[in-house]
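Here's the structure we're looking at; comments come further down.
Labels run A, B, C and D following the written order; every chain starts at residue 1.
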Amino acid sequence: MDAHRDDDVNWLDDDRFHDECGVVAVYGHPEAANLTYLGLHALQHRGQESAGIATVDEGGALHLHRAMGLVQDVFNPAVMPSLPGRIAIGHVRYSTAGGSHVRNAQPFGVEHGGAPLACAHNGNLTNAEALKRELDAAGAIFQTTTDTEVFLHLVARAPKGDVVDRVVHALRAAQGAFSVVFLVGDTLIAARDPHGFRPLSLGILDRAYVVASEPTAFDLIAAEFVRDIEPGEVLVIQRDGIRSLLPFGEVPARFCVFEHVYFARPDSVLGGRSVYATRRRMGAVLSKVAPVEADVVIPVPDSGVPAAIGYAEAAGLPFQMGLIRSHYVGRTFIEPSQSIRHFGVRLKLNPVREVLQNRRVVVVDDSIVRGTTSRKIVKMLRDAGAREVHLRISSPPTRWPCFYGIDTPTRRELIAASHTTDEIARYITSDSLAYLPLEGLREAVNYPSGEGFCEACFTGDYPVSAVPAERLVR
Amino acid sequence: MDAHRDDDVNWLDDDRFHDECGVVAVYGHPEAANLTYLGLHALQHRGQESAGIATVDEGGALHLHRAMGLVQDVFNPAVMPSLPGRIAIGHVRYSTAGGSHVRNAQPFGVEHGGAPLACAHNGNLTNAEALKRELDAAGAIFQTTTDTEVFLHLVARAPKGDVVDRVVHALRAAQGAFSVVFLVGDTLIAARDPHGFRPLSLGILDRAYVVASEPTAFDLIAAEFVRDIEPGEVLVIQRDGIRSLLPFGEVPARFCVFEHVYFARPDSVLGGRSVYATRRRMGAVLSKVAPVEADVVIPVPDSGVPAAIGYAEAAGLPFQMGLIRSHYVGRTFIEPSQSIRHFGVRLKLNPVREVLQNRRVVVVDDSIVRGTTSRKIVKMLRDAGAREVHLRISSPPTRWPCFYGIDTPTRRELIAASHTTDEIARYITSDSLAYLPLEGLREAVNYPSGEGFCEACFTGDYPVSAVPAERLVR
Amino acid sequence: MDAHRDDDVNWLDDDRFHDECGVVAVYGHPEAANLTYLGLHALQHRGQESAGIATVDEGGALHLHRAMGLVQDVFNPAVMPSLPGRIAIGHVRYSTAGGSHVRNAQPFGVEHGGAPLACAHNGNLTNAEALKRELDAAGAIFQTTTDTEVFLHLVARAPKGDVVDRVVHALRAAQGAFSVVFLVGDTLIAARDPHGFRPLSLGILDRAYVVASEPTAFDLIAAEFVRDIEPGEVLVIQRDGIRSLLPFGEVPARFCVFEHVYFARPDSVLGGRSVYATRRRMGAVLSKVAPVEADVVIPVPDSGVPAAIGYAEAAGLPFQMGLIRSHYVGRTFIEPSQSIRHFGVRLKLNPVREVLQNRRVVVVDDSIVRGTTSRKIVKMLRDAGAREVHLRISSPPTRWPCFYGIDTPTRRELIAASHTTDEIARYITSDSLAYLPLEGLREAVNYPSGEGFCEACFTGDYPVSAVPAERLVR
Amino acid sequence: MDAHRDDDVNWLDDDRFHDECGVVAVYGHPEAANLTYLGLHALQHRGQESAGIATVDEGGALHLHRAMGLVQDVFNPAVMPSLPGRIAIGHVRYSTAGGSHVRNAQPFGVEHGGAPLACAHNGNLTNAEALKRELDAAGAIFQTTTDTEVFLHLVARAPKGDVVDRVVHALRAAQGAFSVVFLVGDTLIAARDPHGFRPLSLGILDRAYVVASEPTAFDLIAAEFVRDIEPGEVLVIQRDGIRSLLPFGEVPARFCVFEHVYFARPDSVLGGRSVYATRRRMGAVLSKVAPVEADVVIPVPDSGVPAAIGYAEAAGLPFQMGLIRSHYVGRTFIEPSQSIRHFGVRLKLNPVREVLQNRRVVVVDDSIVRGTTSRKIVKMLRDAGAREVHLRISSPPTRWPCFYGIDTPTRRELIAASHTTDEIARYITSDSLAYLPLEGLREAVNYPSGEGFCEACFTGDYPVSAVPAERLVR
């Protein structure tokens, strides 16, 4: 197990699964770009690498600004006036170590056939490589390595006709996960793949329509949540109103259950379920299936807080903030050459000795990826005086990579892919370790049948009509 | 009450008292600058405007880098090699709206008398203006408007002799609050004013000494906490060891109690008291003196969390995170021209409807400054469905400005200076409002006699031997 | 004539024709990018807006860097290592006021069909708009507004087969002026349109081939000039050597004579003619056909210097530098609100009173575009004491816009398009004005037949097989 | 002679003497900062490292902006509004390799005694170190290593009284070369040291006064030249008018003759002498004393042009531009690792083969410092076909360093300090080499007596009342 990078200073958020994107769209509002900016601000947790907005002005011209960085850094008072118009789409993208380049920032937009054509995408096309090869062979020139550009080429080469037909044509060619917004001339199209892997919601603000990855984006701009866009639904918003198409064959819904475990903001409501309440229930169920004699329950902040509260309530134990998180971004380039114990973890988390000393501590986290983080946290808690440390994870062991828009390590790096819970407990040196079993997760999220959600990262059971090429060849 | 800026978009942290600085010093370590950098990182909450480090290298030359921005932005791998040496001092400074300029960034450092002379200061000299006028009349040229430069001129003009004598001479001329570190040649001097308004601690790492505003800075670099530097103590660290001077007349200690209420990190221990435990007790005492029938207790995150936990525990009510805080810095330049209800507050806080709907909610915050923030939070909670909203403040009403190193508004702007608690409750539209009384604060912090702490922001009772000039003339 | 912008502060270089680009390519040298950088540095006079280099490394991967700015600013020690490989193409682009954007910087490069495809172009396609419309209708997505991208789409959609065939296929579709280099996989292709409007030369350095717009680029890198690439020639450089194709029908050569008048560097040799010697002869012929009684001959520096020397020699008059040019770039944003006489001109030129006072002055310039510059210079010379000012222009009146790669104003703005020489003299207030007649130009450049050169900017006689669409519709 | 850095790529301007600064001041104009900016633009040749402007606004507040870079880069439309007021002083500073830091940029300015105090200086104080030691011992704190700050400390510590008296007090303490402007409250003071080493002129624009290092700065802003400020003169400009003081003992004037040889712009008039005419006469006298059979005379551009013209005229030989200079700044970081002959020189100069081939060439330059540049030029001319190369230098051999404001290498590096003209000719490989003898220089500049000018760099005869400390100790 020596391959684990124990000394990575930037580990805390790196040792998690990551959502790859968030999208926002506004139709029919004089401040379309401003509202899109604010919506992206609210979705910043879904991607911190780059941000972008495309608008169409009254004269039908495309405007586009995108750059590396946080929403608040990419956009400023000098940039916003360059984004006029009543229709806008926006995007935030997750920062991956490699392949990160401003070229790949979204939205992607061009003038085509005399009209603007732009696209912003959250998800991952499992047949992207095949589509690219076909398009390249047919003379298409690719500027980026994004799925989004694949969509645009598909639209550009679709049979001539109505723009909606052309976009649907392009979407039909795509497999995998897509929650995507298109701006075509003065038409806005929002679509969700048939499985509905990633979230996408519709809101309304005065007479304007708003689309966003999570409804929390509506709260900031005081838009009203209307409904989730359905799996397989293509929503067409035009000057004369809104209509809904269902152009794909019917397949079972497979909403990503990890959005509830970790990705989404706790103040979001997805598929009618409050994320906060769901997490709290995960903690409560976990308490029932994996109780332990202890003095205090603490979360790994911030993501572990609701589950820890739920655990503590159900167990009748006191909840305390035994670890304090620093919110000053936390990436740092310096590690003193003399090795400091648990250095990386200390940049973001520091124990509160008063809470831990001589206590039997239950610490609740949402998941274990490589195990290195958990190991450091357990040691830090012991160093701060904890008598016992019991780690409770509010989701099942993550054993499989995601091919539907989540950045996960390879199986080799997923500790639960090759180790039993006991082995993991030994590695992380906790006195006990328990995961929420799959049934518990289903109970907490409330889909006892196991239908309607994608659990592939726990089960390896990839939805049959969207089996990724990577799965077939490996 | 219409003068309150209800529409300020950047309100959340602005509507609080602010600590003005943090200092770090390292003596005798080959990685002095790196360790100082990390210490400043841990003290980032004490100042986000600018950061700086000064070092003295083996040859006795001064090196200095400072700039506007967060610690992690000011220092980078290209900068660090320009800060060689085994002795370093560092500083973070709070961002005030006016007068903020890189010239005023600290440390301040010069070559004087053939040797380096540098200084970093947390506090506020109440006789700074008088000292500046005297020095200016005597031909001194000031580059900045900082107290720190006053210290350097005082040292430069002190009677010739031992460097320690000269620094003590300078310190004796100063009145008010100073927790200050000097680097003079290869001597490090750390001093705390006789009242000990601001914190300053000594740590040890291998054979190196470390000084920092809060011991939490020691945790990150794995230094061991030795003790607080005492009020009125001047600590001299030289090649041959460390010694302690007490050159000032004895006066009562007056440690800033607001460090416990809000400024310090909850994982710090100040004057032997765990900040987290103290805040939890504030909540518990508050629950006793201001109970209310309610369904749930929620904090205004992050500062209100420990007190809310304490309140909930003592009251036997469930604790929940009813407000989610966004940690993406949150300053934004855009407010849509159409007015959005509670726009500013939404950038940082969003309610969790599930927790609030139809509930009687106790919301715990640490203080009320202008009242505008509290008013917005109360409205936001009601909009999210709260049936009743009871605001509980874990400190007494703040009625007086601070002259000892805290950035406070004028009395005119302090709502509690001119309004009763009932009037404030009406303004903020809460169903009830209660403050922790002064006796309760003393109980929670554990100084029932009222001795040893400065409570001037609550009482207007400024320590007699450090009455600020501003108090005398107004 | 009030439409002339007399108060433009940035006039001096703006009131000239401008070459639109320079290209460089290196094949088979371990320092390909470095040599290309230096070649671009030597061609900086051909374009100051943006610069770029594309390379192919040993593994066949494309590397590309381009940005707005001068060569020395775009490339730096941090950038160069990102351009590995033994094959490189480079480009400098002229700064036009509108449409200037980093997207349009060249080279343009993509991965296509699994191999790098990049292109850099000097010239102007007269059928670019028609080609773009056709390609767009066929589903091509355009990222830029450049001719270069048209080339790439044409190559990408050419019938499958040998890369050289595909590039030739693309070139055959193009009309107008192109001196262009392609990097396709590990093949370098350099081509010149059948008329050979713009220059392009072949050099050799050790065993590496070098291609550049002007041979002066060879001097800097100590490459040896081999020969001009011929009009209509396609030069293919591959691992196994170099070969020459002539895939276009034969048409008369039409080399841009204005390269000799103004664009090219005086130390270049184009078509076997020394630019310096040619310009000196222009001055000598001008002296014969337009003599004048005078005391001194001065140039408008720097471009007028060789012709002024030639004029002075032939006339037996003393040559002096009566105008001093500042070489600190000279664009400035400030014009004092009080109006200063000849303000703009003074930023770049200042008279030497000693040379001018009470003298009858012949001032030699290469061309007149709008006339505003000449008018200011004449006034400046008179203000400095010149008794008489006689303006001599070393080329014929420029009456027609260029469609072959030169940035010229519209006919409306060309003063000679609508005014006689006498009227122009009156406008610019010179005591006399004379142009070099077309026959004189042919004599100086040495093509008495009038064959082999494009003189369209003087005559409006656009080469029949490359009549631009703009000419047809107007 | 192998110590010469033959491979320095940035040699051309580095292998010259350098003026260290230029100053501008404007009094009583609503656009004081704008005019100062333009004046600095015209004096850019006197310093390219940094630029700065200080103003005093109507309310008596000081405004200051300075940064590293060219005038046009340091100031921009965003900066200028931050420099309000009717009084301004400005400065450009030469880029020296070491010690270059924005701290040392000028003007230097502070608030002192409740009023602005700022200073900009061209020159060099020979007793600066002694003054600094005294001031430091008296408690002064230095922020920079500039003479300018010495002036400010001297003023700050002068006996209380009238500001003019205090500035004069400070000036009296200074030895060496200073052409300096002070802004004290609403008074402008311009002073020149008793020897008048460096130039300083007075101009008038409407009712405003302008002061500048060279009158060429007046031309750009259309100010009228009034007169040179005299050696030893202190000019006081106040609201009620202008007055002239002569507070220093009388000493012989010693104007730097090298200003005429190289530093000043050719369009300047210094001490009543046209720089252009003076240089042309240097060439003419040189032709008489060092004639040679030749076919053509060429300059090393740009500084050698007027002398080359003078030489050619007097010798009856044709003048040609045999070397073309690139004006794209020319500093470059890249030298191909394979060594290219005369690489450095080619970045700035390229030969015109047509002019040189088979010719006997006289090449005229203004001075030889290390000899490395001349050697490269001679070789470059031969490589381009010159049959003979005769180097003529329009000044005497430079054998001594300057202590009066010129950046010169040490004696060790001055080739003429240790080598005869024959040895130098052999090193630079010219067929012949001749310098203008001192008498010839005096004849050309027109001071046959040898009085009134400083010739120390040629003679080592440093003016007795300003012998630099460096001379005494070595």
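The rule is short, and it goes like this: contacts are C-beta pairs under 8 Å (C-beta built on N, C-alpha and C of every residue); 3 or more make two chains touch, one makes a residue touch a chain.
Remember, it's a predicted structure, so these values are computed and weren't measured experimentally.
The chain with its CA mean position farthest from that of chain C is B. Annotation: 52 Å between the Cα-based centres of chain B and chain D. Note: centroid distance chain B to chain C, computed from Cα atoms, is 63 Å. Chain geometry summary: the mean Cα position of chain C and that of chain D are 36 Å apart.
Multi-chain contact residues of chain D (touching two or more other chains) are absent. Contacts between chains, counted with the stated touch criterion, involve the pairs A-B, A-C, B-D, C-D. On chain D, the positions that touch chain C within their shared complex are 31, 34-35, 37-38, 41-42, 44-45, 48, 70-72, 75-77, 80, 206, 216, 219-222, 265-267, 269, 274, 276-277, 280, 302, 305-306, 309, 313, 318-321, 324, 326-334, 336-338, 340-341, 343, 346-347, 350-355. Those residues of chain D that touch chain B in the complex are listed here as 110-114, 117, 136-137, 139-143, 152-153, 156-157.
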